Every structure is written in structure tokens, then in C-alpha cells.
Amino acid sequence: MKRFALLGAGRIGSMHASLISASENASLVYVFDSHQPSATALAEKYDATAVDTIDIILKDDSIDALLIATSTDTHVDFIIQGALAGKAILCEKPIDLSTKRVDDCWQEIRNCKVPIQIGFNRRFDPTHASLQQQLKDGEVGDLQQLVITSRDPDIAPVEYLRHSGGIFRDMIIHDFDMLRFITGEEVTEVYAIGSTLISPELAEMNDVDSVMLTLKTTSGKLCHINGSRRCVYGYDQRIEAFGANGMLKSNNPRPNAVSKSTEKTTDSLSSLDPFFIERYQQAYKAQLDSFITALQNGSSPVPSFLDGMKAQQLADAAQQSLESGMPVFL
Amino acid sequence: MKRFALLGAGRIGSMHASLISASENASLVYVFDSHQPSATALAEKYDATAVDTIDIILKDDSIDALLIATSTDTHVDFIIQGALAGKAILCEKPIDLSTKRVDDCWQEIRNCKVPIQIGFNRRFDPTHASLQQQLKDGEVGDLQQLVITSRDPDIAPVEYLRHSGGIFRDMIIHDFDMLRFITGEEVTEVYAIGSTLISPELAEMNDVDSVMLTLKTTSGKLCHINGSRRCVYGYDQRIEAFGANGMLKSNNPRPNAVSKSTEKTTDSLSSLDPFFIERYQQAYKAQLDSFITALQNGSSPVPSFLDGMKAQQLADAAQQSLESGMPVFL
Amino acid sequence: MKRFALLGAGRIGSMHASLISASENASLVYVFDSHQPSATALAEKYDATAVDTIDIILKDDSIDALLIATSTDTHVDFIIQGALAGKAILCEKPIDLSTKRVDDCWQEIRNCKVPIQIGFNRRFDPTHASLQQQLKDGEVGDLQQLVITSRDPDIAPVEYLRHSGGIFRDMIIHDFDMLRFITGEEVTEVYAIGSTLISPELAEMNDVDSVMLTLKTTSGKLCHINGSRRCVYGYDQRIEAFGANGMLKSNNPRPNAVSKSTEKTTDSLSSLDPFFIERYQQAYKAQLDSFITALQNGSSPVPSFLDGMKAQQLADAAQQSLESGMPVFL
Amino acid sequence: MKRFALLGAGRIGSMHASLISASENASLVYVFDSHQPSATALAEKYDATAVDTIDIILKDDSIDALLIATSTDTHVDFIIQGALAGKAILCEKPIDLSTKRVDDCWQEIRNCKVPIQIGFNRRFDPTHASLQQQLKDGEVGDLQQLVITSRDPDIAPVEYLRHSGGIFRDMIIHDFDMLRFITGEEVTEVYAIGSTLISPELAEMNDVDSVMLTLKTTSGKLCHINGSRRCVYGYDQRIEAFGANGMLKSNNPRPNAVSKSTEKTTDSLSSLDPFFIERYQQAYKAQLDSFITALQNGSSPVPSFLDGMKAQQLADAAQQSLESGMPVFL
């Protein structure tokens, strides 16, 4: 039974609290949030202790792991403090919006030898994970081309977007990780174009709402990522992996499997899941299980801090390509 | 090059004229219709000769085949006259509404040795035919259960229905033929229930608009047929064949392969084909080709006159079951 | 927080124990099983108390509800004892294999006024439930025809089948309940045919492994049920509801949404769920939630004891039809 | 009735001969091919006259139109000769591998005022055309992103590839035309990457077998094209159009609509069409009809010579981007 402290009692934090609490191999001991009432409410719900400083947590030797779900700008500090205190860490993505700060963080903690996992939950989605496994098992031969579709249901509020680090660091970073996860290779070049087709306010922030990227990996595999901040038919998350002997598609699952035929259209499926909490519900659970299993086995949890750093670097390269209009070679 | 005379210049007749004319192995020589202007117009379109009596056709030794597409009550007479004159015959289904008359017809022509094919066009549909072939090839093992869905887009005018012979002889007869085609067996029992859920006028004609049948074949295979006179999403024609090692579905093809996702529904397909002329366009062509090939090879064309008679007997049995409320054993 | 005693610590019982334990509104207090080690093991896993007699449970006033998951022949006794002791009851289907015993049970408990729910879990499946709701909401107009497909992945051991009560009481009973749930009507006639196409041993037990049924409801809606004891591609559970303005299909969900294209086939989906525990995982959870909500609200839980009795009567009628070869009118 | 001369009696030429011959509005009068026996054989099959020089055709005032299906390097000469002789022209793509020669050709013929249509047959495919029409009708709002998949079933012989002009001018040129057809806009930038993942011999020709392109149009719409010279599951031709209010997909049609479920996979569809002759059969017919209709109406046929030139320029830009590693701005 691994004992957890949860940092962050917002929407994502609440979901993690529920998962830790329901796990047969974990218990939720502390909840920290800079907004004290949130911490208290969540702690009460799951019979945990609310704290207003993480010092208590760091000094409590019975605590095995921190789950960091606070705002992005606090991640690095909490990771460093946790690592130095010898706690295992499961930290929400991204590590930080600044790759420089991520690097600095790494320098501070690299000798700590605590298990650190970054919250790229999509690796644990049954559908994406099955695609990756089948590819690895050679079911369609060597991968040649990868097409990732990544569309959010709706654009976030302008105020959020202003501090999001841009579409690549905030949103497409997940897809950079999926690309690395599925190809099993590093990216050698990134080219990104974008447009503001949805929210004109983004232009002044040097940001865009619609992007298309081209990437190439070490062995010459070709990758496309298309992304949009608004998709009226739901949270559209698909992957198409084209191999020498066939093709695998990670299609959108549906909340239910009803289809409808009426005068105008036939065999219509239901709407997609509204957003990531619903779509990746099983993935979040499997991610936690995987982290706990690594702790139990003493193995290194994956995706690692370095995986988080690599995705970050790809986001930076994409941003640079978007701004310069030129491909970036890595 | 086989020389054809077409009897009947209505909607179906026109389609057959176009197919004969486009065939590289056939030519349309005569068009007969009791309504002279129809015959003339169609004959002109395809450089054929319009006639107002079939005697000219029967006496013309250059004519190889009659394609009979006149009204049902004339089929038997034309088949007998054609057969006695030594013409090959491709006759639209049903042979006649009265099984007695079909029997009598058979007695008259059975010694004629002319090739006779009945227009159960669905046997030649690429999708249904592929299902039958795969089943025969053992792709899903021995057939155990068969489910046939047969829904017309809309109910015919009451006046037509009054002379249609009832839903089994007029419409479901095609499905009886498909059942025999796919199972390769004869039916030993038929049970039919029906309701007038669409057109109350049918009740007074001893007819129904919605039917469900259960049939059993010689070896104990179980079959369901469901049929409806009105289906708002188009002409719904499906077959599901459940075997010891898997299942084959003959799904509805679509006029095009576009799918649409909008706020309410996702991956919606287009409407189905509106009706049989569109749905079975390829089947009608393949049916003609098959008939011509049989003539060229001197082989017996299929489905045969006896196939037509067997489907008729099943329609009679279904009608009897509907009226008695009891299964009919054959 | 509702306090539960679980009767039965077998495969289904274990699943229920896990669901009760994970529920935020329930706690598992007792586990009873006639096989003491099973009770002990399961009780330990969930911090409950193992008992070797249900008397302790019945006398414990803190217990709100019994979840009965013992062997079928014990259901009636436990229902009666529980009801007389004032416990709410969630009992696995079927109530009993003998409709006579079910009737007798009803006479004993009908005045007890304890909430009783029968475990027709499929009503709570997100897909089937969505179909039922959309139908109720008029999305495809008045229902006219219903086609239910119900195929188990593989045939049960002969010894099990010998005491199963036959395919209708053991397996198709779920579909009878679905039919009543979806049509919202009672059945007026049942006709059933069957064959032993899979397991010849069944013939001597008056049982069959492949069945097809035709049913008609009060208002004349037509229903087909097809069932098989073995389906090599998995647990095949589908419903097709044909209405005046369209059609709804409850398709099989898949464990994941990957599709594969290779040289021979394209867009292949994954296998179906292996069996009911996996397929109806969400349904079992929702069923428990619904029961607890009814207890909390003081409303009558659904499906009720009488729903269980009605499904039983349909199973009897189907068996009678199978044996007599005649339709049975209710 | 428009009178045609066919130039080229190879595989494509034969198909065009069959279509002209079957058309109710066209007749095939001459067949020219530099390989005389091919011309003779084809001409005989369709009751046309074989010629070994196009002079006879050009001088025959009864001839309305040339259908040019000879090898690419002869297109420009035949277009010029035909245009100067006042013949309408339907010419297979590409006009020429050299944009310079295309330009020169245009200078020579621009004042001829003969109707010229280039054989971008895919515009006439029922599925692609339906997508374009629905988009134009606003069914999914303003287009934002376009993803085109274009995969040939297998790589052409090395000798063919050597003279093909490279993958962009030979193969992806169709997709450039589709992009212009669907967006209704011109491209402002092209970025292309490629790899030789299938046929290493291509490297020495400065050619590749796997490509991914990013393109941007005048209004900022973003487009991805992925292409491969080999696709084991058939001829994979899809388009995904993502708009402000939804998404349209042009999926691959299938030769038949059977799906199969077996132990390993479920609802598998049949293989795709083997190649363009089968896949675009209806499109080739509709293309010819559209050309004939334009001749009858005196309207300008589409896609025009200039459409052919624009696609060519995009192919050049893509080749330049591939070689330079930099985007090309137009």
C-alpha cells in the first residue's frame, strides 16, 4: 500500500484524489492546495488530511509519493523539494513552460534517484496503447508514416491562453510524446505552420489556434500532426500508423455504441467524449497503476522526466518554426 | 451476340432495354408493350423495332431470347408461348401470383428444354453474392443462423397493394429466394406474424405491412426474416449469416462513402439507395450477363423456373401461417 | 451510506463485493457463502466479516440490504428470509427455475414492502440504456420491430447445462427482460424454434443450443430474438429497434477502438469482450448505483420482482413452444 | 452526338474507348497509336478506324474532340496540333513533366478558344465530389484543415519511375488538384519531406517513395498530404475536411459491403479497390460526361488547362522543397 500526498485540489487534482482513493494499492494521506478551502473539502471527502504547506508532507517519512497537480509554474519547485526529500513523484505535464527551467530542475535532481513519472496519460489509453503494442509486435511491419489528429472541443478562455505557453507547449506537447512513444525514435526535424482561424485575439500573443506540423525521425519515418483548439463534434483524438504491411488506426471511442439511421443520415454514432477527463478516464487510472507498480517493483517509471524534457524541446522547436517560417533541425 | 426481344416497356423494361443495349454480347431487336406509344418510344431510343403483338417475335428465328418485364398476370402466357417457340426466357419475378397457375405453366413447358431464368436479381448483387460465396468457401464454417432484413423505402399505393398478392408474394418472395440461395437447403417449416403498423387500409385486404418470419431448413438451420413496407432511411437490405466459425454481414452499400461529424452525431453515413433500381443496378447487369453466358455455354441458367416456383410456395406457406396463426410444415 | 451483506462469494459475488466496496455510498459488512473458505477470503479482501449462516445478518439491524449472488436454487429462500427480516434485496437473475416457486415466493413476500430488485443488469448498460432512452424520447418514432441478438462466447459444460433450466430460462431470459424494457409492453404470443447445431448432448435433455423466437406485443409490435450458445468472435449482444421515423442499433462496444488494415481485410475491429463480466462491467456498477439510489429515495427499485416473474413466464412459454412446435398465446 | 478520336490505345486508352463507345452522347471514330497493332485491335473492337498518323484526324471536320491518352511526353504536341485544328481536347494528366513546356504550350494555344479539359478524374468521383459539394453547401462551415491520404497499392517498376518526373509530378499531382478543387483557393507555401522507405533505388534518382507535405492557402487554411508508393491493403485514397461546424471524410469505398467477424477480428471489411481503374471507374465515366456536356453547352470544361498548370507548379515547388529542405513560398 503506497501512501500518497496530493498537491493541487483543482479539477485534475480531484480526479487524482478519487483514483488514489479507489486504488487497492494506494491511500490518500495528505491534500495540499494553496487555496486552503479546496484542500480541506477534498481531504474531507477522502478521509485525508488537508495541509497548507508541503513541509509537513516532506517531513512525514510514511509518505511514499507526491502526485503534483498544481499550476504549471509550481511544478519545478515541488519536484525539486520532493526529490530532495526522497519522495517518488508523479507530476502532471508539462514540467514547466521554460525548457531552461526544466534543464535546471534536472541538474538539481538527477542524482536523487527518486522515481519520477510525467503525466503523459495518453500512453495508458487502452486504444492508443493497443496501437503501440500491435506496432511493436510487428502486426503491420515497420512503421513508415504516422498521422496524429489532436483537437480540443473548444478554445480555452483568452486569459488562460495568455499564460498557456502557446498551443505547442500547452496542447500539442501530448502529441509530441505520443509520437516518441509510438515511433520509439527521436525527432530530427520539425516544421510547423499555424493560423488563427477561430480566435483572432491569439494573433497578438504570437499564438495560433490551428496548426499543422511535419516531423521526421532518426530513421526517416514521416509524421504529421494536425491540431485545433475547437472541434464542434467533441474531443477528437486519433492516430493513424502506416506500416510496411498494413495500417493501424486509433479511432475515437464513444461513450456508447448506439448508431442511428434517420431520413437524412444513416448509422450515425453518438457524440465523442466531451473532453479529456471523460476520454482518458481509463488512461488516468492505468497511469496511476503503472506508477504504483513501478514503485512496488523498484523499476523506473515511464514516461520519465527526460521524456517530459524531450517533449518540451519539440514544443520549443515547433514554436520556433512557426515564428521563423523555417524548419528546425534538432 | 444474342438477339433479344423485350416484352414490357415500363420502368423495369426501360432499365432492361438499357442493359441489353449496353451489353457487348447482346442486341435489342424488338420491344413489345400493350401500350403501343411506350413500345415505340423505347424502341426508338435503342434502334429497335416496336411491335404490338409478340407473334412477330415468336416467328422471327433470329431472336434468341425474350426478356419478360410485363405485368405479373401476363408472365405465364408469355413464358408458355416463348417456350413453345423455342426462345430462351429471362422473366421478372414472380412467375405468377397463383401457385396453381405456376404449376400448370410448368406442366406445359417442362419438356420444351428452353433455358428459363427467373429475375431474382439479388443473387447477382456483388455484396449478397460475396456473402454467399464466402459462406460456400467455408470462411465462417457451417451456417447455423440467417437473419434477413428487407425493408422497402415506402409503401406502395393502396391500388397497387390490392393486386399485389400480399406482402409475401410481392415483396418477401425475394427473401425466400435469398434464403434458399444462401442456405442451399429447402425450408421445412414457416411461421409468420404480421401487423398493420403503417397503413390501416391493409387490414381489410387480409394483408399486413410489417412482418416477421421464422423458418427452419432441412438440416435444422434457423432463419429469421423481418420485413417492412416503409423505411424512412431508404431501401434497407441486409443479411447476417452466423456460422460455426464466424459471421458474415451483407451490409447496405452507400451511393457514396462520405461520412460527416457535427455537433450532434459523428461519422454519419449518407442515405441508402432510394430503391431497387439504384441499389441493384450492378445486380441487374450481372443477372443479364449470367443469362447470356448460360445461353452461350448451353448451360442451364440459374435461378431456374423451379427456383421461382419454390419461392412462390414459401410465400403461400407464409400467407397461410399469417392467416391461421400457426406454423406451416412443408 | 448503505450497509450490505453479500450472499455468495463465487465469481459473480466477488465482482459485486468489489463494486460495493468501491461505491462511495455503500459498505460491505458481511460475506456469506456455504463454502466457508470462499467467504473468508473475500471478506478479508474487503475488510468485511465472513459468516457461515445468514442469521447473523438478518438479526443485525445495521444491515440495509442483501445482495444475493448464490446458486439459483437458494434465491427464493434467501429472498423470503431477507424480506421477512426487512432487508432490501438485490437478487441475481433468475429468481428460480420454477415459475411455481417464484409465484409462491411472491405470495409470501408481497406484503413485506421491502425494496426488491432483480439483477437484469443489461438495462443499465450505457449502450442498451441509451437506445431505450432515445426510443422513449421519440428519436425514431413509434417502435415497430425489434431484433435482439444474444450469443454467448462458448457453450457451458454439459453438467452446468443439465441444471440450467434450458436455454430460455438460463440465457434468453435476459433478452425477454430487454424486450419488455424496450417495448414497454407485454408479450401476447411467443413462438420458438431451436436446433442442436453445436452440442449434440443437449438433445437428450430436451434442450437446444441455437434458437430463434418470434414474439408479438400488446400493440402489435413484432420482435425477433436469435440466440446461440457459442459465438467464436466473442460475446455478441446487439439490439436493433426499427421505428416509424428511423432505426436505432445497440452495437457491440469494443475493449479498444483500434482498427487494422492488412493485405486481406480492412478496418477490422478488435475482438468483442470475452463475456458478461467484461461486457457489462459498467452496467453492473450502474445497477448497484440505481439500487442504492432507490433505497436512498425510498422509491421502488427497477427491475422489480414482478419484472423477474414476467421474464420467467416468457421463458416458460418459449420452452413450451419449442416442445410443442406451436405458438403459445399469453 | 460528339465524335471522338482517341490518341493512345494502351491500358488507359482502352478504358476511354470503352467509355466513349458506351456513352449515349458520343461515338468513337478514330483510334491512333504509334504502335499500330494496338490501334487496330482497339479500333476493331469498337467499330472505329485505326490511323497511324493524327493528320487524318485533324483534317476530318466531322471530328469534335480528341481524347489524349498517349505517353506524357507527347501531350504537348498533340494539344497544340489539336487546338490549332480547332478540336476540343480532353487530355490525361500531367500536361507535361516540364512546367516550362506547359507554359510554352499555353502561349501557343491560349488564343485558340477550343475547350480543353485536363484528366483530373478524381474531381468526378462520387465520394470526393460529394465531400466538395457538401463543403461548398456549408454543411460543416468554413474549411480550416484538410488532410489528404494518397497511397498507391504498389511501387511502379524502377524503369517507369526513372522517367516519371518524381513522386510529386507523377502521383501527388492529383492531390494538388484535389486540394485546389476542395479549398477553392491557391497555395501560398509548400513544404515537403520524403524518405525512401520502400525502394532504395530511388535515392540515386533524387526521388523518394514516402512523402509528407504541408501547404497553406491564401486565407490561411492548413493542408496536409501524405503519400506512399506502396500500400499493402490496396489503393488508399481518403480526404478529411475539418470545418468550423464539423468534419467531412471521404472514405474508401469498397468493391462490396460484406463485413466479417472471426475469432481474431470483427466487422472486417473487404480489401480496397486494387488501383485507379477500379476505384475511379465511375469518376472516369462522369469526367467524360462532364466534358461532353461542356461541349454541348458551349461552356468551358473544368478542370481547365490552367488547372493543370497550377497543379504542375505545386509539384515543382514540392520537389524544390524536398531538395532544399526549406519551404517554398509561392
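A few remarks follow.
All chains are identified by letter, namely A, B, C and D, in their written order; residue positions are counted from 1 within each chain.
In this text, a contact is a pair of C-beta atoms (placed from the backbone, for glycine too) under 8 Å apart; a residue touches a chain by one contact, two chains touch by 3 or more.
Every value quoted in this text rests on a predicted model; they were computed, and no experiment measured them.
Between A-B and A-C, more contacting C-beta pairs join the chains of A-C.
Summarising the inter-chain layout, the chain whose CA centre lies farthest from the centre of chain D is C. Averaged C-alpha coordinates give centres for chain A and chain B that are 57 Å from one another. Rounded to whole angstrom units, the spacing between the C-alpha centres of chain B and chain C is 42.
Between chain A and chain C, the centres computed from C-alpha atoms are 39 Å apart. Residues of chain B in contact with two or more other chains: 232-233, 245-247, 252, 260-263, 267, 270.
Those residues of chain C lying in contact with chain B across their complex are 142, 144-145, 147, 149, 151, 189, 191, 193-198, 210-214, 216, 220-224, 226, 228, 230-233, 236, 242, 244-247, 325-327. Partner chain B is touched in their complex by these residues of chain D: 22, 126-127, 129-131, 134, 139-140, 245-253, 255-263, 267, 270. The touching residues of chain B, when paired with chain A in their complex, are 232-234, 252, 254, 260-272.
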